[in-house]
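Two complexes come next, and they have one chain in common, chain A, joined by chain B in the first and chain C in the second.
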Partner chain A sequence: MADPVLEVHDLKVTFRTENGSVPAVDGIDFAVAPGQTLAIVGESGSGKSVSSSAVIGLLPSNADVSGEVLLDGRELNGLPNDELRKIRGNDIAMVFQDALSALNPYYSVGWQVAEAYRLHHDVSKKVARRRAVEMLDKVGIPDAARRADSYPHEFSGGMRQRVVIAMALVNDPRVLIADEPTTALDVTVQAQIMRLLDDVQDEFGTALILISHDLGVVAEVADDVLVMYAGRAAERGTVRDLFFRAAHPYSLGLLGAMPRVDVPPKPRLTTIPGTPPGPGSITTGCPFQPRCAYTHLVGERCVTERPELTPRPGEGDHEAACHLGRRPEVIL
Partner chain B sequence: MPDLVWFLTRRLFAALLVMLALSLAVYLIFYAIPADPAHLACGKPCTPDRLEQARHFMQLDQSTLQQYLNFLKGIVAGRTFGDGAAAVHCNAPCFGYSFPLARPVTTLITDRLPITASIALGAAVLWLLIGVSLGVIAALNRGRILDRLAVGVALIGVSTPSFLLGLLAILVFGFWLNMVPVNGYIPLTESPVDWAWHLVTPWIVLAILQAASYIRLTRSQMLEELNLDYITTARAKGASEARVVLTHGLRGVLVPVITLFGLDLGSLLGGAILTEKVFSMQGLGDLLISAVGQLDVAVVVGVTLFSAFLIILANLVVDIVHGVLDPRVSHG
Partner chain C sequence: MSEELLNLKDVKKYFGLRGVPWQKAQAVRAVDGVNLVVRKGETIGLVGESGSGKSTLARVATRLLDPTQGRVEIGGKDVTRVKGRRLRPIRRRIQMVFQDPQASLNPRQSVATILSTPFRAQGLRPTRAQLVELLEQVGLAEEHLVRYPHEFSGGQRQRIGIARALSVKPDLLVCDEPVSALDVSVQAQVLNLLADLRDELGLSYVLVAHDLAVVRQVADRIAVMYLGTIVEEGPAAQVYESPAHPYTKALLSAVPVPEPGVTRDRIVLTGDVPTPIDPPSGCPFRTRCYKAEDVCATKRPVLEPVEGSTEHRAACYFPEPPPLERTQ
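Our next item is the complex of A and B:
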């Protein structure tokens, strides 16, 4: 793997609330190289969105962030807000889930894309607008020069997401964080948006962090995958590691819950029994243990000892946080 | 903008209908009160004969419907009371004739309007500035000392009666400190400095009273606005906090604020009764109160209708401004 553009080490995020502090992310590591795609997978509340917001300091003021966030080797965590501001939208840009609410309804899309450019380039409004139109055209907005004057509500969902992507890419960011970029879209549009992200990535060499719970999308575009569970990393490896050699029972559960076209449909979709633990409710042992079907193969350790990410022998960088030394067999 | 022209035409037509219905209602209400304006005009001793003469001259001996139709006709074509040398002319648009004041109501209103407008407009500019800026400051410092101060000011503002604050201001700044004149009105055309100097106390008093609701509205609206996704987008683009609040947040706050502002200003232009009384200014409010005291029904009807007209006008202006501020509002 080439030198990573963004590296995160031991990232921890704790929210201070009236009921004490709540850990949302409890020590995760990841890295992404130029042109590569890292998918962060997990169910709602697993800390995947919080981690990505923490990277560019977008969390509310009651969040405590510790750990290292290195952009080209430069530490971002702890930078004053004015310094971080120069990085946001410029070196690290974000694409959000719901493009309708992510766009300001009071300004034309051209204005909003141009604003993103002007915030980081000292250029006239005219130049910025030309750049905005060029960007809108690049992401596939037909008749971009005219449509630039339209407002977000005048676009379809897919077109809106293209606008958001144009806005994120207008400054040629090194890293693009896409937080469930296709969840609010229908399937055919999803495919178009993912292809668009893939294309721009090829063209600009952007590193992409894709936050998703759609394993189908992940399988298609990701190079590396980080599976998160209850604020911690459950498994980390290449996309092939996850799909062919899943080593964590939770990853296996996620894969099993995915409807497949090559398997005859069952009357009900497969689910992982139980619900994820609330933040901070599991302090000892494996956070997945209450829902795990393999604890009987390990015993006490699952309850008493927290598993750390450990390399899978002979599988390169593939790591899993599970006491079960071998690959879990599918239990039906 | 054919949309806007069509919208305006429809709205003006609707406004006309409302005014017509309103005039009938007002007319019937005030002419149903058991008081005979002719009594005041008939002199002493008021013999039945002279009373009848006065009623005939004032056209009060006709049926109520006929009187109303005369009133409507007067607006379009003007009216003449009596005939020969004693005839009284009221030129179109004639909104009635005040026999006690021996002036057409239209003239009375146009004479008094500049005073009321001077008070209302000056105060409006002040309260909008104070209300919105304090509201924004309060929202940005939620729960902190500045927030409590602003909310406290708002509480005092809404709960203090205008006559109390007005009299206190006159007492303190007019008499004790001898800083400002305590009454009187100098026309703007005569001396702009004296005009402003005489108005500054009523402006401030009215502004403090009115700003209260604007502080509260702006504060709550801004707090809501700052939680929206597009505010996060603006931050993620690298916008400074000031830009996030003033460019992206304030726009949505202004929509309801302008609505309230239009209606407040509209009703205040119809006469700031208590304020005018306290500061001895002969505006529309003063005209109305005196007319009520003297049973000068023509003036009461005229001023009431004029106030209603201002409210309808304010509504129309608010709707247009609304469309300018929020592109999602369609005038089609």
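Our next item is the complex of A and C:
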């Protein structure tokens, strides 16, 4: 793999709350190289959004962050806010699920994209506007020069998400973090947006961190995948490692639970019993143990000893955090 | 053929928009002439993009909304104009499950109270044993009776919503996006539960969902909506394997498949769904259709059987040809 543009080592995020401290992210590592896509998957509450917000220093003040966040080898964690502001939106940009909340209803979309550009470039309003129209055109807003004067509410959900992507890309970021960018959209619009992101990566070599719960989208666009469970990495590897050689019971559970559109249905979907634990509620043993169908193959250790990531057969750095060293037979 | 539970005949639902005085009053044509029959034991999947009229149709079918035009028959009886107390026996046969389990349960009511409500609406008083049985049907237990909605996870709340709908022993459940707020693992639990209840209780479903993979997992028949009309309808296997309407074909091709390396022949639709205030003349899909010709702008195509099948129908002047084995 080419040298990563962004590397994260042993990232931990703890929230100080009235009810004590909440360890939302408990030591994860990931990296992404130019033009590559890393997908982060896992059920809600597993720490996906908190991890990515930590990367760009966008967590509330009750969050304690430790670990390394390296952009081209430069440490970002601990940088003062004005330094971070220069990086945020410029070297690393972010797209959130809810496009409407990312846009200001009182300003035209063209103005908003232009302002995002002027934040990091010392140019005239005219130049910035030209750049904004160019970006809106690039993300597929028809008749961009005219539509730049429209307001967010005049656009459909898919078009708003395009505007948000135009804003995120206006400064040619090296890394784009997209948190569930298509979850609120129809599949037809999702297909357009995913194609757009793919084109952008081809053209500019942008590294993409895609947070998604849709394994179909992940299979289609990711190079590498990180599976998170309860704030930790359950498994990581290439997209093929994950889909063809999944080694962690949780990954297998997710794959079996997903219905498919392209093959006749199975009589029953595989389910993972129960629900994910709250952060920090399982302190000894494997955090997946209460829901795991394979503990009988391991025994006591699942309850007493926390499994660390260990290498698995695969294409590259395929690793899983499970005491069951071999790939489990699929239990249906 | 088995008993007919629900029959919608040329149903329309227009919402009035209060226009400015000098403009002609406008109407949102949310549902614009739908015919649909649901028989005992069937699961019908209602799919389509956001705004296509799925939820509105579901609400008209359950008599939560009055149709602007057309007829709603439940159990063979015309119930289009039935109101008030006389709706009770109808409500007993057909119940609704909503998308957001959080919003559809009253946070100040215990589970016992929530489950009793439909009984009381029927003028009945449930016994504790009846409530426990309901909870057990959906995989919950007696201890949950005294708890409140916030003490449950999203999936458990959806189970409570289903239990509430089951309380009056309906024949038909109309479920509007029952799993779209849930994580995949929990979604699978609820989908399996719906299948079990169908087998155990002989329930029928109308399942409204925008996730086509979810619908394929549970539905026997599919109806595809676009701009307030059904553009294709038929047995699930036939619609998924050989869609006849260009819209269905494009929609299915857009769904990503969880298998790396499988590249799909994708028909990427351009543009947005037109506004239902002023839908296109002729075929509603013609502004985005890759096959459109002049004739498509003239008259709205009607649902007609696809070559080689009696149950699979599409509303298109140039439907996709069926697979060879079906025409022989």
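Methods note: the second predicted complex is superposed on the first by the 321 of 332 C-alpha atoms of A that agree within 3 Å, B and C clash if a C-alpha of one lies under 4 Å from a C-alpha of the other, contacts with A are read in each partner's own complex, and residues count from 1 in each chain.
Going forward, a residue touches a chain if its C-beta (ideal position, glycine included) is under 8 Å from a C-beta of that chain, and two chains touch if they have at least 3 such contacts.
Keep in mind that what you see is a predicted model, and the values were worked out from it rather than measured.
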{"item": "Superposed partners chain B and chain C on chain A - clash or fit", "value": "fit"}
{"item": "Greater residue coverage of chain A in the superposed arrangement, chain B or chain C", "value": "C"}
{"item": "Partner chain in contact with A:Ile141 - chain B first, chain C second, else both or neither", "value": "neither"}
{"item": "Which superposed partner A:Leu71 touches (first chain B, second chain C, both, neither)", "value": "neither"}
{"item": "Touching partner for A:Gly253 - first (chain B), second (chain C), both, neither", "value": "second"}
{"item": "Contacts of A:Leu38 with chain B and chain C, given as first, second, both or neither", "value": "neither"}
{"item": "Touched partner set for A:Thr270, first chain B, second chain C, both or neither", "value": "second"}
{"item": "Partner chain in contact with A:Met159 - chain B first, chain C second, else both or neither", "value": "second"}
{"item": "Touching partner for A:Cys292 - first (chain B), second (chain C), both, neither", "value": "neither"}
{"item": "Touched partner set for A:Met94, first chain B, second chain C, both or neither", "value": "first"}
{"item": "Minimum C-alpha separation between chain B and chain C after superposing on chain A, in Å", "value": "6"}
{"item": "Chain A positions touched by chain B in one structure and by chain C in the second", "value": "none"}
{"item": "Chain B-facing residues of chain A, complex", "value": "56, 58, 81-82, 85-90, 93-94, 96, 98, 101-108, 115-116, 119-120, 151, 153, 164, 167"}
{"item": "Partner chain C, residues of chain A touching it in the complex", "value": "43-44, 142, 156-159, 186-188, 190-192, 194-195, 213-220, 239-240, 243-244, 253-262, 264-266, 268-273, 275-276"}
{"item": "Contact footprint of chain A on chain B as seen in their complex", "value": "228-230, 232-241, 248, 251-252, 325-328"}
{"item": "Chain C residues touching chain A - in the complex, by the definition given at the top", "value": "49-50, 153, 155-156, 183-189, 191-192, 195, 210, 212-214, 216-218, 237, 240, 250-252, 254-262, 264, 266, 268-273"}
